[in-house]
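Order of writing sets the chain letters: A, B, C and D. Residues in each chain are counted from 1.
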Amino acid sequence: MSTPKSGKGKVCLAYSGGLDTSTILVWLLEQGYEVVCFLADVGQEEDWDKVRNKATKLGASKMIISDLKKEFVEELCFRAIQCNAIYQSRYLLGTSLARPVIARGMMKAAKDEGCDYVSHGCTGKGNDQVRFELAFLAIDPTIKIISPWRLPEFFNRFQGREDLLTYAAEKKIPVTSTKAAPWSMDDNIAHCSYEAGILEDPKLPPPQGLWTRTDDPEKAPDTPEDITIKWEKGLPVGLKVGGKTITDSLELFIALNALGKKHGIGRIDIVEDRFIGIKSRGCYDSPAMTILRSGHLDLEGLVMDGKVRTLRDQFVTHNWSELLYNGLYFSPERQFVENSLLYSQQEVNGSTDLRLYKGGVYNRGRSSETSNLYSEEESSMDSLIDFSPVDTTGFISIQAIRLKKFGQQALDQGKGLGQQ
Amino acid sequence: MSTPKSGKGKVCLAYSGGLDTSTILVWLLEQGYEVVCFLADVGQEEDWDKVRNKATKLGASKMIISDLKKEFVEELCFRAIQCNAIYQSRYLLGTSLARPVIARGMMKAAKDEGCDYVSHGCTGKGNDQVRFELAFLAIDPTIKIISPWRLPEFFNRFQGREDLLTYAAEKKIPVTSTKAAPWSMDDNIAHCSYEAGILEDPKLPPPQGLWTRTDDPEKAPDTPEDITIKWEKGLPVGLKVGGKTITDSLELFIALNALGKKHGIGRIDIVEDRFIGIKSRGCYDSPAMTILRSGHLDLEGLVMDGKVRTLRDQFVTHNWSELLYNGLYFSPERQFVENSLLYSQQEVNGSTDLRLYKGGVYNRGRSSETSNLYSEEESSMDSLIDFSPVDTTGFISIQAIRLKKFGQQALDQGKGLGQQ
Amino acid sequence: MSTPKSGKGKVCLAYSGGLDTSTILVWLLEQGYEVVCFLADVGQEEDWDKVRNKATKLGASKMIISDLKKEFVEELCFRAIQCNAIYQSRYLLGTSLARPVIARGMMKAAKDEGCDYVSHGCTGKGNDQVRFELAFLAIDPTIKIISPWRLPEFFNRFQGREDLLTYAAEKKIPVTSTKAAPWSMDDNIAHCSYEAGILEDPKLPPPQGLWTRTDDPEKAPDTPEDITIKWEKGLPVGLKVGGKTITDSLELFIALNALGKKHGIGRIDIVEDRFIGIKSRGCYDSPAMTILRSGHLDLEGLVMDGKVRTLRDQFVTHNWSELLYNGLYFSPERQFVENSLLYSQQEVNGSTDLRLYKGGVYNRGRSSETSNLYSEEESSMDSLIDFSPVDTTGFISIQAIRLKKFGQQALDQGKGLGQQ
Amino acid sequence: MSTPKSGKGKVCLAYSGGLDTSTILVWLLEQGYEVVCFLADVGQEEDWDKVRNKATKLGASKMIISDLKKEFVEELCFRAIQCNAIYQSRYLLGTSLARPVIARGMMKAAKDEGCDYVSHGCTGKGNDQVRFELAFLAIDPTIKIISPWRLPEFFNRFQGREDLLTYAAEKKIPVTSTKAAPWSMDDNIAHCSYEAGILEDPKLPPPQGLWTRTDDPEKAPDTPEDITIKWEKGLPVGLKVGGKTITDSLELFIALNALGKKHGIGRIDIVEDRFIGIKSRGCYDSPAMTILRSGHLDLEGLVMDGKVRTLRDQFVTHNWSELLYNGLYFSPERQFVENSLLYSQQEVNGSTDLRLYKGGVYNRGRSSETSNLYSEEESSMDSLIDFSPVDTTGFISIQAIRLKKFGQQALDQGKGLGQQ
C-alpha cells in the first residue's frame, strides 16, 4: 500500500475522464508507472469516445470500457429489490450497488492486463474508497492499491481545485470547464447521487435544476399512468405499459427509469451516516428502483408467510442493506445473508398494478396464481366456513395468562395498568 | 368468559350506535343484564347526541361518552411517531393505536359504574377483539368479558345482516339505512380504515369515493405548500404554516390532518397479516401521521448517532410496531421496549421543513441547535481539518484482514470472488 | 375438533401403555371408535412387548411400534448441535426435538391405516399438545384431532388419579403400580425430562435418585476421560475414545450418552416459560447433547468467520431453538431459518479434543485441515508479517470520529464521560 | 497522534513495571517528555511498592496507583452479571470489563497532572489498544495518544525481546527475570487471561500450571459446597456460605473468587475473533463471574417475563457483550443498551441456591418474595383452577390456520410435510 517512488510497474486506474482522475493518471505516469485505464459502463451519462481519447492522449497505454449494465441490473439492482433493500429507512443504495460490479470488472481488467496495482480517485472521507478497496482485496488478496487522495505526497501537493487546475495547465490536461460544479454527482442506471458543495448545508433544499434522473413532480403530467409488473421469485419479469409488454431485464429497467423520470418518482434528500462515522447530506433520484420496490413490497404482502416476513425483515433486509452500504459485498456475511434472501423469494410470484402520478407510486391491485396464502373466503369477517369463532376465545385466553399476572402485579404494587 | 343465561349483572358495552352494537345492546338486556354503554371520542366522525339518545331509548341505563382525543394523540400517536412505527413496512397502525386508549377509558367507566362485565361488537376473525380483550384483562385480571360474536347462541342466531335487520324490526331498533355499506370503516383522529366487502378482492383498486380522510391526490392543489415542524425529544411541538404557528398537541395534529387531507397525503392499500394468522386487505388514509413520520425520520438523520439508530431500528421500531398491532400494549414487553424508545429520543431536537404536494411529502431541510453530530466542515470531502486521510488506509486495511482470508480461501477452492 | 359422541371412525392413538393413554384407549372404544395404537421408539426405556400386549388386550385393533431413533438423531438432534440450539440460555430441547419425528411417524401410521382421527394423552397446560397438534395439522390439514384432556366430557369425568384408577378397575385396565410417581418423566435418546409433582416447588433441589440418564457427578470416576470428535459440515462424523473410533451416527450418539452418563454430564434444573405463557420447573439430563454442543461451539471458534457467527447467533440459533420449543417445526419459518443454518455449516470441518470429568466437559484442543481462518503467524502478537501496526492507528482514529463527538457533546453538557 | 520528536510535554503512561512499559518509560524520557506513571489496582497480583520504586528510579516524575477495585466490581462486573454478558457464547469478558475503569482512572490522573499525552504498552494487533484509545478519546476528544508499538521509530527499533533486553541493560532498567514467560497474562479481580506464546497452537491443551485463579478441578475437594446468593434488581447483595453472610459487594466478589478457586470453577479455553478481525486463542479463568452468572440466569427464569427475556437476550445481552469486547464502553450505543438492561432488572429479586463441585456450578433452588410470575398451582399439570383446557384448543386452532395453508400448499406441490 506504500507508493514506490521510482520503481516501475503497471497500474489499472479507475478513470472517468474528469479533472481528478486525469490528474492522477498523469501523476502516476510521472511516478514511473505504466497505466491502463478502466471505465465501467453501468448506465451513466458519458461521452465514451471522448473519455477514451483523453486517456490515451494523456499517456494511458490502454483504455478499457466494459459494459456492465446487464450484470449490474440483474445481480445487484434486482437483488436489492428482492430484499426491499433500504439504508436508514430511506436510501435505495444506488451508488453502493454499482461498486461491486465495477470493482469486479476492474479487477478482471487488471488481471487480464497483468497489472500489479489498482488505483482510483476516491477521496479519503467517503464510502467509495472503502467499498472499492475491500472489494479489490477480497477478489485478489495480493493486489496492491494506490489511493492518491490518501497519500501525503499527493494530497499535500493538490490541496484544492486550484492546484489541480494549475497542474492541468502545466501538464496540458484538457479541462472541460473551468467553473467548478457547485456539488458532485455520481450516476448509474440505478440512480444519480448529488452531494458536497452547496448541498452541505442541510437546512437548505436542493436547488432547482439539481435532479437529472427525475423531472420535477410539480411539472409531471397531470394524468396518471397505470402499469403492471409481473414477478417470478421476487424478480420483475414483465412490464406492461400502454399495451406493450417488456420482458428483457435491462429494457424493463430502462423503461421504468423513463416512466419514473416522466412522473417525477424517486427523489430523496437525507442526512445519512457514512461507514467511517461521519454524517453527510445526500440527494438521490432513483426512479426504477422506487417503482420496483413498491411493487415488490406489495406482492410480498399477498404471497409471503407473515412470520417468514418478520424474520426476513429483521435479518435479511436490514443486514443486506447495511453490508452493501458499507462495501462488504465480497464477504462471507453477505453471502450468508443472501442465501436467506434467495430462499425467501421462492414463492414470490404474481402481478402488481401500480399507478404513477406526480412523484407518487400507488399500489392498485395484486394477484398471484401460485400462492394460496390469501383467501377472500377466509379473510372475510362474516364467513365462518372453516373457522370457529370460539377458537379465538381460547387464543385470547391463553395469550392473557401472562398479561393477567402482569396486570395483577401492577395492581398489587398500586400502579394498575388502567391508570393513565 | 361463559355467559350467564339468566343471572343478573351489569355490563359495560362498547357502543357505537350502529346495527351490530345496537343489536348486542338489546340482546344483552333480553338476557337479563343491565347495560351501561360506552363510547370513546378518539376523533371519529360521529353524531354524538344521536348515539346517546339511541342508547338510552334502547334501554341502556347510561351512555358514557369520553373525550380521549388528547391522550390518544399524545400517548399513542406521538409515541408511534417517535418510534417511526410501521407494520410490515407500510401500515401506520391507526386502528391499533386507538385501542389501548379506548380500552383503558372503557375499563375506567366499567369500574366507575360497578360493572361485572365488559362487552363489545368485534367479530371473531379480526384483530380488534384481541386488542380489546388483552387490554381489558391486563387492566383488570378479574373482569368478565362477553363477546357475542364468539358465542354460539349469538352467532348462530344472527348469521347475516338479514337476521340483524329482522331482529331490529322486531325489537324496534332504529336502522339508519337499510343498504349495507360495501365495505366496513373505522375512523379516529389518526386515520380511517377500510376493509371487507368489495375490498376483499385484492386485485381490484379501491373504488372512487372510498377515502374520507384524504382528498384525491389527482385533485389536490397544483401549488405545493411548505410547512415547518419543530421537535423536542422526538415530539412535534410546533407547526409553522402560512405565517401561523401552532403549538398545542391536539391542534397541531388536527391542522396536519387538514393539510394532509387537502394535499391527498397518506393513502395506503395493502394485504397484511392479522395476528391470528389470516391475511387481509386493508386500505388506510392517515394524513397527519404520514407527514409527521417523514419529518421525524428526517430529523433523526441529522441528530441521532448512527449506531444507536441501527440498534433502535432493529429493536425498538420493529418490536413496538408489532406489539401494538398485536394488541400487546398493556404488556411488560411493550413497557420494556418503550423505555428504550424514550431514551433514544432525548436528543431529537430541531426543525424540519417539508413540502406537501399531490400525495407526496418532500423533505426540504432540517436543522438542530442542540446536536453536534452533523458538521459541514467534517462532512466536506475536501476539508482535511481534524481529519487525516492516512487513517482511512488503516481502517480499510484492518477491515480487509478478514476479507482477504475469505478471498484467498475462495481462490484456493477454485471459486475466486472475482468470478461472475 | 368436536367429539362425535356415537359416530364410528378410526382413531390413531399415541399410546404409551401408561394409565392415562390406556384410559383414553378404552374410553375411545367406549365412544364407538376403532382404535389403532402407535408408539414411536425414539430411544426411551420401554418394555415394547408389554405395551404391545396391553394395547391389543384392551381392544386396539393394531399396535404399531416404529423405530425412529436414527432419523431422530440425524434429522433433529444433529441439527440442534449444528445450531448450538438452546432455549432460554440453558435447555437443550430434548423433548421438543423428538416431537416432530414422532408426529410424522404417527401421521404416516394414521394414513397407512386409513384413520380419520389422531388422538393423544397430553394435558391441556403443557407444550406437547401444541407441538403434536401443530405438526399433525401441518402434515395433513384435514386430519381431525381428539384431545381428551381438553374435552369437558373427559376431563370432568376424570378429575384426578383416583378417577382414573376407579375406571381402570371397572374396565379391567391393568395398572402397573398403584403408587403415583412423585414426578412425571419423558425420555428419549436425547434426554430424560422430569417435571411436576414434588418438583413443582422451585426452591427445593431435585431429590436423590431422580436422574436416570446421568450418574451423580459426585460419584463419577476420579479419572478424567479424553475423547476426540471429528466433524464434517458441523455434523459429528467420528468419535475416538480409548483407541476405538465410531462413525455410525446412532452408535456415536449412544456411545456419547454412555460416556456422559458415566461422568455425570448434562444435568440441568431450570424454571422455563412454556409456549402458553406459564412458567414451569423442569429438570433434564442430556449427556450426548451436552458433550456435542461443547465440541461444536469450540470448533466454530476456529473455523467460522466472526461476522457470520454473530449473525448466525442472533438469527439462527435463537429462532430455531424457540421455533422448536414452541412446536413450529413444520412451518415455513423453521424451513427458512434452517436453510441459513445449513449454509453456515459448510466449512465447519475439523476435530475437537474434549475431557470429560465429574459433570464437566473441557475443551482441550481443536484443529481443521480445511479452514485458513486461524493462523498462528497472524494471531501472534509479536509477528509483523503481513501486518502493519500503523494501520491500527487509522482503524482506531476512524472509529473514534463518532465517539469524540459524543464525548465532546457530553463535556459541553457538563457531564463528561470521565466522570464516574 | 503524531510523535513530536523533540518537543517537550507531559505524558501519562500506563505503567505495569514490566519490561515493555519500563522500556517505553525510558524511551519517552529519552524523547524529551516528562512522564507520570499510572497503575490501576483492579485486583491483580502485584508488588505495588516495587512498581512504585522502579518507576521513580527510572525517571518518572510521579507514580500514581489508584485503587479502582470497588468501582470495577460494582460498575462493570456486576453490570455484566445483570446482562448475562458473554462473548461468542463462552468468554466472560474479564479483560474487556476492566478497560473502561482503568481508562477513566488514567484520564483522571492525566487531567489532575496536566498531561498533554497518554501512552500505553499495548501491541498493535490486540484488542486492548482499541479499548483504551477509544475510551481516552471519548473521555477527552483533545487528548493526544502515544502508542509506541504502533510507531515505526519504536517498533522498528525493538523488534523482539532481545532488543528490549539489550536496551534495558544499556539503560540500567532492572529486569526481574531474563527468562521470557511462555505465554502472556493479564489479571484482575474478574479473571486472569492467558494467551500468546505456546498457547498459539490451538490443537494443544493449555499446560499444567497455567491457571492462577482456579485450582485444578481434578484436585478440588471431594465434598461439594453449598452457597446461597441473594439478589436485588439483578445485583448480588448477599452471599451465605458456611453459616456466614457477606453483603459488601467487594468482599462478596472476593469470597466467590476464593470459593470458585477452591472448586476449580470458571476455566475456559477458546479461539475467539478479535475486533480487528484476527482469530486468537485465549484461556481465561473467572471463578466469581462464572458462579454469579449461573445464579443470575437461574433467578431470571423464575422472575422475568418470558417475552421480555427473549427481547432482552436478543437485544441487550448480545449487544452489550459485543460492545464491551470491542472497546465501545464510552459510546452512545452502550448507554442506549444499558438503559434497557437496567430496566429489565427491576424485578430480579430473590435468592438462589448453588452447589459448587469440581469445576461445576449446580443450581439447586431459587425463590422470590416479590414476583408472582411462577405459581405452583398454575404450573401444575393437574390443576384446573383458573384454567380452562378448552382454551388451549382455540389457541392451537388459531396457530394452525397459517400452518394448515403451508401444509396444504406443500401437498399441492407434491412434497407434503409428512414426507421424510
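Worth a mention:
Assume contacts are C-beta pairs under 8 Å (C-beta built on N, C-alpha and C of every residue); 3 or more make two chains touch, one makes a residue touch a chain.
Model, not experiment: these values are computed from the prediction.
Contact count check for A-C and C-D (C-beta pairs in contact): higher for C-D. With chains reduced to the mean position of their C-alpha atoms, the one farthest from subunit C is A. A straight line joining the Cα centres of subunit B and subunit C is 39 Å long. One inter-chain figure worth recording: subunit C and subunit D are separated by 31 Å, centre to centre, where each centre is the mean of the chain's CA atoms.
Inter-chain spacing, taken between the CA centroids of subunit A and subunit C, is 43 Å. Multi-chain contact residues of subunit B (touching two or more other chains) are listed as 1, 276-278, 305-307, 314, 331-332, 373, 378, 387-388, 390-393, 395-399, 401-402, 405-406, 408. Residues of subunit D touching subunit A in their complex: 305-307, 371-373, 378, 387-388, 390-395, 397-399, 401-402, 405-406, 408-409, 412. Those residues of subunit A that touch subunit C in the shared complex are 1, 276-278, 305, 307-308, 311-312, 314-315, 319, 331-333, 336-337, 339-340, 343-344, 388, 398-399, 401-402.
The touching residues of subunit C, counted against subunit D in their complex, run 1, 71, 75, 84, 88-90, 104, 107-108, 111, 123-126, 129-130, 133-134, 137-141, 147, 149-150, 152, 155, 160, 184, 195-196, 200-205, 217-218, 222, 224, 267-273, 276-281, 297-298, 301-302, 306, 309-310, 313-314, 318, 322, 328, 330-332, 353, 355, 357-360, 362-367, 373-376, 378-382, 384, 387, 389-390, 392-393, 395-397, 399-400, 402-408, 411, 416-418, 420.
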